[in-house]
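Every chain is named by a letter (A, B, C, D, E, F and G) in the order it is written, and numbering of its residues begins at 1.
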Amino acid sequence: MKIKPLFDRVVLKPIQNENKTSSGLVLAESNAEKPLLAQVITLGNGIEADGKPVEMQVKVGDKVIYSRYGGIEFKLDGQTYVIIRQSDILMVLED
Amino acid sequence: MKIKPLFDRVVLKPIQNENKTSSGLVLAESNAEKPLLAQVITLGNGIEADGKPVEMQVKVGDKVIYSRYGGIEFKLDGQTYVIIRQSDILMVLED
Amino acid sequence: MKIKPLFDRVVLKPIQNENKTSSGLVLAESNAEKPLLAQVITLGNGIEADGKPVEMQVKVGDKVIYSRYGGIEFKLDGQTYVIIRQSDILMVLED
Amino acid sequence: MKIKPLFDRVVLKPIQNENKTSSGLVLAESNAEKPLLAQVITLGNGIEADGKPVEMQVKVGDKVIYSRYGGIEFKLDGQTYVIIRQSDILMVLED
Amino acid sequence: MKIKPLFDRVVLKPIQNENKTSSGLVLAESNAEKPLLAQVITLGNGIEADGKPVEMQVKVGDKVIYSRYGGIEFKLDGQTYVIIRQSDILMVLED
Amino acid sequence: MKIKPLFDRVVLKPIQNENKTSSGLVLAESNAEKPLLAQVITLGNGIEADGKPVEMQVKVGDKVIYSRYGGIEFKLDGQTYVIIRQSDILMVLED
Amino acid sequence: MKIKPLFDRVVLKPIQNENKTSSGLVLAESNAEKPLLAQVITLGNGIEADGKPVEMQVKVGDKVIYSRYGGIEFKLDGQTYVIIRQSDILMVLED
């Protein structure tokens, strides 16, 4: 089964907070309700309903930080995913 | 009797959550108030009231996940349907 | 006395819920606060106040389902009517 | 003293609800907080502040139904009037 | 000292309610929190911040009725004035 | 240290209310939470983030009245300043 | 690990309030919930999702004052950062 987000939406797979990982990324625990780390799983086609193209600036595999407020959670095969408009993704983390 | 949604609206028939279906899709029970699975039954003509065309990116028969907040429920012959703007459909699931 | 709605407004005459009608349409009783069935009585001229034309996609006699939130009720000769913007009409039912 | 509404505003003189008038119009008493009947007294020039023309679709003398929410009441010589944007007038009643 | 309102703003000097004046204008006392009578003292240049021209439809000396909600009061030499966007002035009263 | 406001923002230095000054300006004490007197200290470059030019209608040294709601206070060397969008400045006072 | 903000977003590193620094900047303690001082760490590419270019008026290393309301905090390697749209940055401080 394949997931095809509509428009500029992006499906994310949340990444558990890692303490002192090799990458050095630490999202503070007290911050758990704040921005969250996730990986991009799949993207919409970047065409809005009114036909306007949206520039997709994230790509599959990117690690991103997003605000919990913008995303909607759903589950597939026991895994939790988040679907979100690209404009609610805050930043990309690059190694 | 035929249903003709106006503008970019889409009529959906909700699909009961299936546990461990052949398709592998599982929407968690605890998630029941969150996004919902449904099948597209019929579409509006994709012309907005102001005459602007809307690109209909879903088609009849598509399995979609939508947010309960965007849809309005109604019943026809005892079956519950949901009418929703296409822009409130989150994603299409493809086999 | 003739009613002339302004702009894109539509005057509807609500139809009582019928149980198991020949048309097969049943709006569930528990649904009474939800979308409602009505017949289109008369239409505005489809010209917005700023002069922009609106495409009137419903016509006199159409059976429509509308959301109670968008309509305003009034009475004429003891009959209740609803006036509503066309964009708040959800769908047309065709025989 | 002459009243000159600005822009697309319209001055209305509310009409008391009449029971079973010759015109047949009856606004139900229980409806008193709902749409109201009034007569158009005078109109703005139909030019918005930004210079855009507005099509005035009501004219002096028209009987109209308007929503109480959109209007602001004022008194002149003991008579209550209502000033309202044309877009908050719902419909015109024609004999 | 001269007051120069910015953009489309208008400075008004409130006029006390007069009972049965020669002009015939009476704003009801019970109406004190509702629209208010004032005289136009000075006008902005009618150029919005983005450079768009605004058509100033009121002029110095005009008697106007405005809604208290839109205006901001200030005092100069013990006199209370109101500064308001022209679009929040409801109407001009002409003798 | 120099302050450079972004876009159409303006930095103001509040002026204490003076009673019966030579200029004749008196902002009533009871009015302390209402519009406030200040002097323009420095201006943004008048270019919005989207590249659109804004016409700066105030200049350094101008005495202005602004609404407290639109401004954000900060301190530099013990002096309180206010930063505000030009569109929230109500008027300029000229001698 | 590199942080790449999306669109017109800016990553800031908050600067502790310094009392009477050489630069003379003092943000009052009582002001702690008000605008905050920070240094620009990295910038988005200045291309909005719809392809429109945004003029980035801040640059890496700039000391800026921003409103806490517009920013979202996150932590990386124990350091707190703030991500914010450029339009919510109030001003740049120059030596």
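Just so we're on the same page, contacts are C-beta pairs under 8 Å (C-beta built on N, C-alpha and C of every residue); 3 or more make two chains touch, one makes a residue touch a chain.
Since we're looking at a predicted model, the values are computed, not measured.
S.K.: Rounded to a whole Å, what is the gap between the Cα centroids of chain C and chain F?
M.R.: Centre separation, chain C to chain F: 52 Å.
S.K.: Between chain E and chain G, what's the gap in Å when you average each chain's C-alpha atoms?
M.R.: Between these chains, centre-to-centre, one finds 42 Å.
S.K.: How many angstrom between the C-alpha centroids of chain D and chain C?
M.R.: 23
S.K.: Multi-chain contacts only, two chains or more: what residues does chain G have there?
M.R.: Residues of chain G never touch two or more of the other chains.
S.K.: Could you classify the connectivity of these chains, where an edge means two chains touch, as line, ring, star, complete or other?
M.R.: Drawn as a graph, the chains make one closed cycle, so a ring.
S.K.: Could you spell out the chains in ring order, with the walk beginning at chain E and its first step landing on chain F?
M.R.: Sequence of chains in the ring starting at chain E, next chain F: E, F, G, A, B, C, D.
S.K.: Which stretch or stretches of chain C touch chain D in the complex?
M.R.: 1-7, 9, 11, 45, 47, 49-51, 72-78, 83
S.K.: Report the residues of chain D in contact with chain C in the complex, numbered from low to high.
M.R.: Interface residues on the chain D side: 8, 23-28, 31, 34-35, 52-55, 57-58, 65, 67, 86-87, 89-95.
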